[in-house]
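Pasting the structures in now, so scroll down.
First subunit A sits with subunit B, and in the next complex the same chain sits with subunit C.
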Partner chain A sequence: MHSAFQRINTLSAFSVSVLTALAIGCFLTSYMYSPNANPEVDVRLLQLRTIFYFDQSVDVAALTFDLHADFSSVMNWSTHVVFIYLTAEYETQNNRVNQVVVWDKILQQGDNPVLNYKEQPGKYGLFDDGTGLRGNKNVTLSLHWNVIPLIGSLPRFSGGHRQVSFPQQDSL
Partner chain B sequence: MTSLFKRVVDTVPSIDYHGQKLAEDLFTWILSGSAVIAFAVGWMLQDFMMTLYLSAAAAAFCVLLVVPPWPFYRRHPVTFLPPLKGGDHGAAEGLATTTPLASSAPSSQPAEGAKHK
Partner chain C sequence: MGLLDAFSLGPNKRDTVLQFLNFAMIVASALMIWKGLMVYTGSESPIVVVLSGSMLPGLQRGDLLFLTNDATDPIRVGEIVVFKISGRDIPIVHRVLKVHESLDGTVKFLTKGDNNTIDDRGLYAQGQLWLKQEDVVGRARGFIPYVGMLTIIMNAYPQLKFVLLGVLGLVVIFHKD
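Take a look at the complex of A and B:
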C-alpha cells in the first residue's frame, strides 16, 4: 500500500505534467496574436564629423529622432520583455552591409506600451569604420523589436524604415 | 540510521487500497480541473503568472488533501487470515484475503501482514 512519501512523489510528478501542459498551452496561444507595432520613425541629422581614431579617419554622426509606436498588441500574457532598437543600415565601398545600433529600449510587462518620442537623441554614436557616411545617399533607419516570451518562440520584427542622405560637408 | 527512519515512517498509518484509488482520483481531477480554470483566468487577465500561482495553490491544496493518511482513506482495511501453525511451511501459499480491489496486489507476505493485525 502506498506510503505518504509515495503519494508525495506521484503528486509532484503529476503536477509537473500539468505545468508542462499549461506551458504548451501558453506557447500555442502566443501564435494567436499579431504583434504589429506600426512604428513611425523620423530622423534628423545633428552632426557629422570625421575624427581620427588611432591612425584612421572615421565618420561619426549624431542623430535625433521622432518615434511613435504602439506596442500594446505585442505585449500579451506570455510576453516577458520586448527589446526595441533603432539601427542605421547603409552600404559602403568596403562593406555591403553596415548595421549600427543608435538607440535601444527594454519594454517590460507593465510599462506603458505606447512610445512617443520627440527630438530624442540617439544613445550611441553612429560610427563608421571609415569615411563611408560622408555623402552617403542611402542610410536607412529602421526600428527592430525582439519579443522575449515567458514560454515560446523568440520572434524578431522590424518596421518604420526611413531613408536619409548624409551631406558631403561637416554639419554641426 | 535506516532503521530509525523506517521506525519513524512506520508510525504513520498506511491507507488501504480503496483509499489509495480515492487519493489518486482526487488529485488527478482537482489538479486537471484547476489547471483548466487557471488557464482561463490567466487568459482573461492576460497574466500567465496568475495561471502559475493558481495551479501552485491547487497543488498545495492537493498535498494537504492527499498526503496525510486521513480517516476517509482507511475505511476498507485489509483483513488477513490468522497465521498457520507449523512455522514457515505453507507460508508461501496465498493466504491473505483482501477486499476485491486488492485482488491484483501481491499477497505473498502473510507473515508481515499478520503484524498489522
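Take a look at the complex of A and C:
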C-alpha cells in the first residue's frame, strides 16, 4: 500500500514543514526583545595630519573613545552574532555624505554583552576623501550595530551620537 | 512501466503527454519564480550562497542570503553587500567600511570581510581603490543558515547534480497517483 518512496516523501515533507514553522517562530520572537543598547560614547581627538595617500592629499585623524553599552537584550536567543561598529559621519565641500568606520567588534553568544571601554584607540584610521576634516565643526561619532540572527532579516540600529569639531591646525 | 512504454503511442498516450506537461510546468514555474524575484528585487542574483569564511563568525560557508538592489536607497556603512570585481568570476560577500557620496550623488565605497584583518583593496582590480554602485550585485536583507550547503556539495561533485536531476525527472515523469 505505502511504498518506501511514499514514506520517505511524507516524512521529509513533514520535517521541512515543522522546521519552517520553528524557523518563522524563532524569527518572530526576536521582536519581543528591545533592539536598543543605549550606548554612551565619548571621543577625544589624538592626532590630525595631512598626508599624501594614493596620489592625493588626505586628512587623517586618530582618536580614542570611551564607550558604555549594554547589548543583553539585543543578544537574545534568536541572535547569532551582533556586529558593532563606531562610525564618523560628516559633510565636506565635495561630499554630502562621508561615513568612515573607526572601530568594530563582533559580539557572539556567550560573550559579555556589556561593553565598557576607556581610552580605547580606534582600529582603523579616520581617513578623509580629501582635506575635509581640518576645521570641520560637525563630525558625528555614533555607535551602530547590525544583528545577524539565527534566521531572518539583518537589521541595523544606531545610538550614542556624539558631535565633535576638528581643529584647523595639526594636533598631537 | 519501462522507459519505452512511456514513449510508446499506446492507448495511454494522453497520460504520457500529461506527465511531460507536468514536468515542463515544474521547470517553467521554477524559472518564473527566479525571474520574478530578479524583477522584484532589482538584483541579477536575488539569492546567493556564502562561499568563503571571510565573514565568520557572522556568515559561514553554505549560508543563504537574500539580496535586493535598489539604487535609489543609498549604500551606507555596515551593510553587507555582494559585489563583482572585473577579472573574478565569483561575487564577493563583504561589509561596507567607508562611504563617500559626492554632491552629485555618486557613491564610492570600500569593503572589508569581518574575518579579514585588512580591507579589500588587495582584492579589487589592479589600481582600483573604490567600489561603485554598478559593481553591486545586491545588498543582504535576509539570512538562512546552512541551506546553501547543497549547492556547494553539488558544485564540488558535478555528477551528483545530474544524478539528482535525473532521479527527480524520472520520478516526476513516471509517478502515478
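FYI, the second predicted complex is superposed on the first by the 167 of 172 C-alpha atoms of A that agree within 3 Å, B and C clash if a C-alpha of one lies under 4 Å from a C-alpha of the other, contacts with A are read in each partner's own complex, and residues count from 1 in each chain.
Quick note on the criterion: a residue touches a chain if its C-beta (ideal position, glycine included) is under 8 Å from a C-beta of that chain, and two chains touch if they have at least 3 such contacts.
Remember, predicted model here, so these are calculated numbers, not experimental data.
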Practice problem: With everything superposed onto subunit A, say whether subunit B and subunit C fit together or clash. | Solution: fit
Quiz item: Who touches more of subunit A, subunit B or subunit C?
Solution: C
Quiz item: After lining up the shared chain so the two structures overlap, which partner does A:44 touch, if you call subunit B first and subunit C second: first, second, both or neither?
Solution: neither
Self-check item: Contacts of A:11 with subunit B and subunit C, given as first, second, both or neither
Solution: first
Quiz item: Thinking of the overlay built on chain A, is A:137 touched by subunit B (first), by subunit C (second), by both, or by neither?
Solution: neither
Practice problem: Using the touch definition from the top, say if A:22 reaches subunit B (first), subunit C (second), both or neither. | Solution: first
Exercise. Could you say whether A:101 touches subunit B, subunit C, both of them, or neither, answering first, second, both or neither?
Key: second
Exercise. Taking the C-alpha centre of subunit A as the vertex, compute the angle to the C-alpha centres of subunit B and subunit C, in steps of 10 degrees.
Key: 40
Quiz item: Can A:150 be said to touch subunit B (first), subunit C (second), both, or neither?
Solution: both
Exercise. For A:83, select first, second, both or neither according to whether it touches subunit B, subunit C, the two together, or no partner.
Key: second
Quiz prompt | Gap in Å between nearest CA atoms once subunit C and subunit B share a frame through chain A | solution = 11
Quiz item: If you lay the two complexes on top of each other, which residues of subunit A touch subunit B in one and subunit C in the other?
Solution: 5, 150-151
Exercise. Flag every residue of subunit B that touches subunit A in the complex, lowest number first.
Key: 9, 12, 14-17, 20, 23-24, 27-28, 31-32, 35, 38-39, 42-43, 45-48, 51-52, 55, 59, 62-63, 66-69, 78
Quiz prompt | Residues of subunit A defined as touching subunit C within the complex | solution = 5, 23, 54, 80-81, 83, 85, 87, 94-101, 104, 106, 108, 124, 127, 129, 144, 146, 148-154, 156
Quiz item: subunit A touches which residues of subunit C in the complex?
Solution: 57-59, 74, 76-80, 95, 97-103, 114, 129, 140-145, 171
Quiz item: Residues of subunit A touching subunit B in their complex?
Solution: 1-5, 7-8, 10-11, 14-15, 18-19, 21-22, 25-26, 29, 76-78, 150-151
